[in-house]
Amino acid sequence: MGIGNIFRAFQPKDKVFFVLFEQVAQTLVEMSSDFHKGLEDYDLNDDSLLKKMSDYEHKMDDFTHEIFVQLGENFITPFDREDISQLTVALDDIADHIYASAKYMYLYKTNEIKAFSEFSLLIHKSCVEIQTAIQNLKGFKNPAAVRESSIKINSFEKIADDVLSQSLVKLFESNDPIHIIKAKDVLEYLEIVTDKAEDVANIMESIIIKYS
Amino acid sequence: MGIGNIFRAFQPKDKVFFVLFEQVAQTLVEMSSDFHKGLEDYDLNDDSLLKKMSDYEHKMDDFTHEIFVQLGENFITPFDREDISQLTVALDDIADHIYASAKYMYLYKTNEIKAFSEFSLLIHKSCVEIQTAIQNLKGFKNPAAVRESSIKINSFEKIADDVLSQSLVKLFESNDPIHIIKAKDVLEYLEIVTDKAEDVANIMESIIIKYS
Amino acid sequence: MGIGNIFRAFQPKDKVFFVLFEQVAQTLVEMSSDFHKGLEDYDLNDDSLLKKMSDYEHKMDDFTHEIFVQLGENFITPFDREDISQLTVALDDIADHIYASAKYMYLYKTNEIKAFSEFSLLIHKSCVEIQTAIQNLKGFKNPAAVRESSIKINSFEKIADDVLSQSLVKLFESNDPIHIIKAKDVLEYLEIVTDKAEDVANIMESIIIKYS
């Protein structure tokens, strides 16, 4: 069996990870889209958005588990096992923090939907870029495009920083400390989602730098 | 000198790290046990629990320092120097955040002992699992058991997340903003301890994946 | 062309990174010095300190971008690409959090200058040590001195922890929840700067451990 054949024999196993990462990215795109849409006509007393986010979060946990199982079994990986493991954890963190945002929105019955919705749009845009980046990371076919997505995700995080500070300044005008504490918590959870997306972007960039 | 002899000559140095990690794990088990017991009959005006936690925290700093000194001297390490260094910092972070929790409990004179105690039990259980995992990590003798401990630590962190949100909802019923800010701070420090335990679990899992 | 010539041909490219890291360190020293001085006669309604910090933050972003561009182009690097990438991100985080502190100081119009100034001095001292450490990291000429700077930066972080808890206890005496929430936020941002400096110290130490 020539080297080419050996290569082809290993290919399917190698591809397992990209298939899984593509499913993870697709899940994040759907989760963030449903999250953003759910905030349009959000009812503080209806837990259906929270339940939906909880389902997505569990689905992401299952993918994360599957990737770790595959990491334990496959000898051949498309890039270093530590990079796969780091990327997996960072992607899961995005889902965890979208869920946490939805949880505290519901538990605290906070009504700052306009600001929440600005964040959810930035979060959705970041997840769409993550999906694009993962497609371009596959087989390292387009490192420049991965870098481009990463720059966009970083810019969404900067915008989210400004949305946070502007929302907080406005929030303090209410002069209601209990409301401020609650809404500030949710706003900060939302901002962390964009930080986590930035972490994903940084990890993908460092993978590109390492292998390109 | 045959390869076997060379191996044996290096063994003792190699073992230094596991001896130190076992002492670190033992310290965390004792620290978290004393922390949990100390909350049973906690007196807000008595700083003896804080002093005890401070002593443990210093002891952990000494171990951390010793591991870094050994890392600087030993050429042979049981696994990559970066992994040893990361694991050491993550274990030390657990002690730092138990101490921080005890510090703000005392400084703020906050009295939400029931919730605090739910956390300290989860923290202690996590430390016990960390000790088990480190024993099984030794010589990579039982990767499956390390993975099992890691799953347990992750599940304690998920429970801690729920304890936090439930405690916060209850806390807000007090309608006392100053009390809420203080108790929320302590509850969040306690929750971070379980996050740090999860970091330790993730690092141990990635070591297992790398070397097994 | 002999090996020596090949080496010399590559040297200049290799040096690019240290030249950039030295400029980054110099920028952090200047930024933290201007920040500390700016707090001496701070006027809550004057945004000139915030603008100055914003300029430094942009300058740091440009350096960060340049280092990543160089990482993408240069095959030879003085140490692992991941280490360069991690160190770059951690140094940029310091600037980001000094800027965030200045931003919330200005937006919230909070007047706890004495405590802020204690932090800014510790931050400046940490940046000076980072500069010293980077000079000693160059060519791995003085690993012991890097370790020494790292110990100092860690001690500044411990002091900052105490400054935070003491400032918070004093802050709560005001009994004004809105003021407490605002000033606590700024104090915590300032404390995070020293955490980020500690991250830089830890990364430099792990580089030293890896290559010395």
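Note that the chains are named A, B and C in the order they appear, and that numbering of residues resets to 1 at the start of each chain.
The rule we apply is simple: contacts are C-beta pairs under 8 Å (C-beta built on N, C-alpha and C of every residue); 3 or more make two chains touch, one makes a residue touch a chain.
Predicted model, so just to flag it, every value in this text is computed and none were measured.
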Chain copies touching (chain A, chain C) - same or different residues, decided at half shared: different
Fitting chain A to chain B on CA atoms, where both chains share a sequence, rotation angle to nearest 5 degrees: 120
Between chain C and chain A, distance of the C-alpha-averaged centres to the nearest whole Å: 27
Sequence positions of chain A contacting 2 or more other chains: 177, 181
Partner chain B, residues of chain A touching it in the complex: 68, 71-72, 81-82, 85, 89, 100, 103-104, 107-108, 177-178, 181-182
Of all residues in chain B, those that touch chain A in their complex: 143, 147, 161, 165, 168-169, 172, 175, 177, 180-181, 184, 202, 205-206, 208-210, 212
